[in-house]
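Below: a set of structures, written as structure tokens.
Next, two complexes with subunit A in common: one pairs it with subunit B, the other with subunit C.
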Partner chain A sequence: MTDRPGRPDRPEADDSDRFGPSTDGGERTDEPAVSRTHEGGPAGSEPDVLSGRSRRLVSLIGRYRVPIGLIVLVLFLRPLVSQPWALGFGRIAATMLIWMLFVASFNLLFGFTGLLSFGHAMFFGFGTYGVAIAVSRFSLPFVAGAVVGITFASAFGYLLGRLIVNKGEIYFAMLTLAVAQAVYFVANRNPYELTGGSNGITGTVPPWIETYRGETTVVLGGLSVDWYWAVAAVFLICALGLWQVLRSPFGRSLIAIRENEALARAMGVDTERYKIASFTMSGALAAVAGALLAISDQGAALETLGVLTSGDAVLMAVLGGVNYFFGPLAGVFVWLFAEDYLTDFEVLYFPLREFVLVSVDLSGVLEYWRFLLGGLFVVIVLLSPKDGVWGFLRGLVTRVARVGERLGGGSRER
Partner chain B sequence: MSADDAPGGDGNDEAFEGDDTDGNRSGDANADDRDALLRVSRLEAGYETGQVLFGVDLAISRGELVSLLGRNGAGKSTTFRAIMGAAVPRVFGGEIDFAGTSLLGRRPDEIARSGLGFVPEDRRCFPRLTVAENVRLAINHAANPLSLDAVLSLFPELANMRGKEARNTSGGEQQMLAIARALATNPEMMLLDEPFEGLAPYVVRRIEDIVREINNERNITVLFVEQNAVAAMAVADRHYVLDEGRIVETVSTERLREDADLRQRYLGV
Partner chain C sequence: MVRVSDDSDTEGVDAEAAGTDAAIGTTTTTGTEAATSGTAASATRPTSDDSPREAAVGTVGLTRKFGEITAVDDVSLTVPRGELRAVIGPNGAGKTTLFNTVTGALSPTAGSVWLAGEEITDVPQARRPHLGLARSFQGNELFTDRTVLENVRIVVQTTQQGPFRLDLFRDAGPVGRERATELIERVGLAAELDSVARNLSHGDQRRLGIAMALATDPDVLLLDEPTSGMSPGATARTADLIEDIQETLGLTVLLIEHDVEVVLSISDRITVLDRGAVVATGPPEVVRDDPAVQDAYLGGMRENE
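Showing the complex of A and B:
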């Protein structure tokens, strides 16, 4: 996603609240481990000044902060990135949601089970190629391709998981990488003229998709909906499902395995079965994201299966913060935003374009945006490897809340 | 932490009696040594770096409260790990029988579900799970568990911090949580690895009370590892002394208390 249609020039804006709206409302969202049982959080000091009714409301918001945060994210993501001072480019919002789903599925395995997969792109690719092959090669409906792709990814994940899930961390990472590379090379060889080799598959446009001037619309039985909202609906369903899974006893067992596998086993957890289940579920969710990508990109690209895609998933999750439900989502947002932002602008004006005092020509330097993002990544990992951007923001909110609490407490005493 | 001012033995006794899941356990504490609940014979085990156990023999009857004493490196924790079926150490020879069936070659989670509750050393909990979730995890994976409320009613200190993450609790609370978690599986026997290590004296007394209660009121057979003979004598009725991978003595508390020479030789006290 390096060349995008032209966008209006954007003045240099204050970075600090750039992803305010996407995280807004999510300020109280945190990892599910804490969400259900949080008692003494920042909200804890409020109830004594509130009536019983609003206290119940506060606790309700606290309990359902993840769904609320997800809805806020879906509602505000597109308007935000469409702003001229942001990216001025609404179409990227659908891509962002798809990647968020993909990286969240990866993080189910990495952040919540403690298994590092370096080959998650294959599951993403199974979904993409499933849909692209079904629609473009066999003129089958999208749903058939998606079902085949997701089923294949689940079965593949289950069987592969049975083989490698107990081989130890390093070997698990290496084996997933090796298998993903094998899948990549098979797709590259274009077996039975199905995958299209290095050209991939193009022109995957089901009859219910209409594109006009780059805007993709879903037209179904007289109803016409923007593609973004179709993606958003699938994203919401999957993310809420993931949230439910994580707060269920099943998810708690996964977290126990992440925290201390030997101890979990000594407590009677059949860790192998749980890890296989997590791997399978994670693969299936990645394939769902992949199926959406096939429509968004109108085809399947070989790079989707490549090792860079797998690597990006790892980096995005770590950048965002693997211990949090919203961590990978924040990571995807920062990553894609930075990618798009940094590759685009060339001249930096201080303080503003209208009142220039100094201007710095950055063309050339920012060709190395991945390098800059890499630098940001290193800083974040060095500061706090598991917290990432999301953990940093949460820490900030907690600190601000504590200061506010102290101020509020002082005024109440008076 | 408020462990010491919590309701004492009486309150807990009521909680114990109020729980009827207790009824299915046979209460004969004086079972014959030949049909021991846990029998370890000629156990040899070790790590890649070398053999640690050179023939450990244990026979613990239903209802007993026994300690496994020994210096650092004598092989106490290795014995426990072998019983619980951990991936390391490797078992070279011998037998481990629990309730009449062999434990060798079985997976740790199967062993845990067969009625052996394990309290790991260093009071290990799942730090990012809450107190309630730690216990619930054990409940969800046990064959015949107690209810969460029944377990927490035995630990008033824990009952009002259900929603607290385990990493934010004190050492004594973590030890109680580790014990509660093992107790929740409603085990026939509990193994505790250095349960008094690194705790403040008044917390140690509370944990001692808990261990005795578990044994007396619930009729759960208890085997615990300890370095400190004084702490072991305060709790257990019988003691195995382990030295350099072998059981060198089996003594009653009275013998151990009188025999300063024995303590000096094997325990360095």
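Showing the complex of A and C:
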């Protein structure tokens, strides 16, 4: 898992995507890295021309490290999970991207605005049910269903936000939970035969989707694209949009509210309106992920709206690290990877499958993968609740880089 | 301990103490008139014929209760433009509650708040900095995980953009950065530009708080114990800083301060609060010698010991 895509392309380990401490103006954040590489060699030994050009390159990469990381992630996620030593099949990659988008939308609210929603599944579900109902019940095109679902989620988020956003942390969490449960029960009641009750909606396949031997393909005109790439395109657009929102003046105001809401208000930030806007955007983005899920799952399942889905989003975000842009994405990866990997895991051969000294039958134990992840979650919360897996990896890379630098500097001095 | 909450008593005390100084007489009358008319009709401006609409910031019969406790009791203040007014009083006198009510963090139980001749009692808190009313906090309220630059920059950005703006399509980094840097240099934190706020020393954090308050481009600045917890040297430097800022920017400053020397040396006038009510208002030397003030203030101090 240390080989996660998205990391190798970051020249400078600290603060690449951290919207917490010391992330600041784009240009300035890069300077520590630049000065460090500079200090690495003894003064004057390297030609200044090269250092000037490489400095600009490092600064450029530094500024756009999140987009670069996202592209790398999208390119390498599927090949990575398809490896025989990993999961051995690529289909889960699309699901991972969808969940990454969903949990990232949740983290806009939790990690970057400081609002804990325990009912984010409802927005996810609005997207899924929007598409499923439109396509299966009314034979409308997918896009129409997606637009309806996303619009509904936005409007719902806006109105609900106006009602509850200023009720205080715990009450906000409780109220989102309560409303999400209400939505769940409504869907379960199957009003006007729309939602299909506990069976959900199945067989939602728009005409441009072709499925053959478990491989889903998008056929538009003469063009045939693997479903993964369609999801990847939407994911990339939304994730880049989210990144832009977080670096914009608007996003900085959200972060200020997260850091100290009373102070933000005293300094003239209309915290309520910012929080409502954040809630609305977060809901809309979750609905986009939901709309994709309707195609991936070929329908809408009631448990998508359930409290477990909301809870998983919270757990995945915290597991990954809520203070980082890539935190929730890492959390989803670890979670879904573990779910698949551990449930299929039967016998541990040590040290190698070909050269066994000890073999342990773990199939009975690893069925409790949720329990194991729960344990990991507890450890992370106890150690550093905001850093998560991603923060841990970054800390590791920083330390390794520092050691490497010291060694490199020393050898050059000789 | 004498508790003076009645306006006529306040007048008596002040007139007695004033004697030579005509200015105090005027103030006291101002306060009294405003307060009496304030109870009659709450929408009266906190000014008298002597300073019509000139008050930079004022309150009329301002009262804030927490259940049975009256934290601010019928306070009428008139602070003319450009004045450095200290608010002193024993612990629990209601100084911070007065600030919170003026800035809108708390809504008053009764009475009204005025800024530059306009009533702002019902203006939401987040709007008030945009009208020129800024404050610093007693505790070190900062965006603790952010850099010094970002702490000030976000306030400059807010001041430029107003309470809310959906400004999504550009990088926030350069927005307000120059102005923020300038303000940070002004309060003497240039070396700490890129430090994370939580790692600053206590005194530097207080200074950062002042820079953030200044970043709102205030006309009226409320400073809540800016020197608390500082060494004597740092206290003196901060006092100089406040005086310098007030003079060069022509600010009206309302200052809560415990350090008697600071209060006596930099304030133009002093308002003494005790148990939520104004005991006296006047120039430092007069207030210092006021027996009622000494009684209230020192009496309160002694009780605490």
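The definition used in the following text is that the second predicted complex is superposed on the first by the 362 of 414 C-alpha atoms of A that agree within 3 Å, B and C clash if a C-alpha of one lies under 4 Å from a C-alpha of the other, contacts with A are read in each partner's own complex, and residues count from 1 in each chain.
As a convention for this text, a residue touches a chain if its C-beta (ideal position, glycine included) is under 8 Å from a C-beta of that chain, and two chains touch if they have at least 3 such contacts.
Just so you know, these numbers come straight off a predicted model, no measurement behind them.
A.B. asks: Given the superposition on chain A, which partner contacts more residues in subunit A: subunit B or subunit C?
C.D. replies: C
A.B. asks: One more residue to check, A:Thr271. First (subunit B), second (subunit C), both or neither?
C.D. replies: Both partners, subunit B and subunit C.
A.B. asks: Tell me the contact category for A:Gly299 with respect to subunit B and subunit C: first, second, both or neither.
C.D. replies: In the superposition, A:Gly299 touches no partner, neither subunit B nor subunit C.
A.B. asks: State whether A:Gly327 touches subunit B only (first), subunit C only (second), both chains, or neither.
C.D. replies: A:Gly327: touches no partner chain.
A.B. asks: Between subunit B (first) and subunit C (second), which does A:Gly251 come into contact with in this model arrangement: first, second, both, or neither?
C.D. replies: A:Gly251 contacts subunit C only, not subunit B.
A.B. asks: Once the two structures are fitted together, what part of subunit A is touched by subunit B and by subunit C alike?
C.D. replies: In subunit A, residues 249, 252-253, 255-256, 259-260, 262-271 are touched by subunit B and also by subunit C.
A.B. asks: Any idea which subunit C residues touch subunit A in the complex?
C.D. replies: Residues 103, 105, 124-130, 134-135, 137, 141-147, 149-150, 153-155, 157-159, 161-175, 177, 194, 196, 212, 215-216 of subunit C touch subunit A in their complex.
A.B. asks: Residues of subunit A touching subunit C in their complex?
C.D. replies: 20-28, 244-245, 247-253, 255-256, 259-260, 262-271, 273-274, 277
A.B. asks: Show me the residue ranges of subunit A that touch subunit B in the complex, using the header's touch definition.
C.D. replies: Touch residues, subunit A against subunit B: 31, 33-34, 36-39, 249, 252-253, 255-256, 259-260, 262-271, 323.
A.B. asks: For subunit B, which residues count as touching subunit A in their complex?
C.D. replies: For subunit B paired with subunit A, touching residues are 84, 86-87, 107-109, 112-113, 118, 120, 124, 126-130, 132-133, 136-138, 140-142, 162-165, 181, 185.
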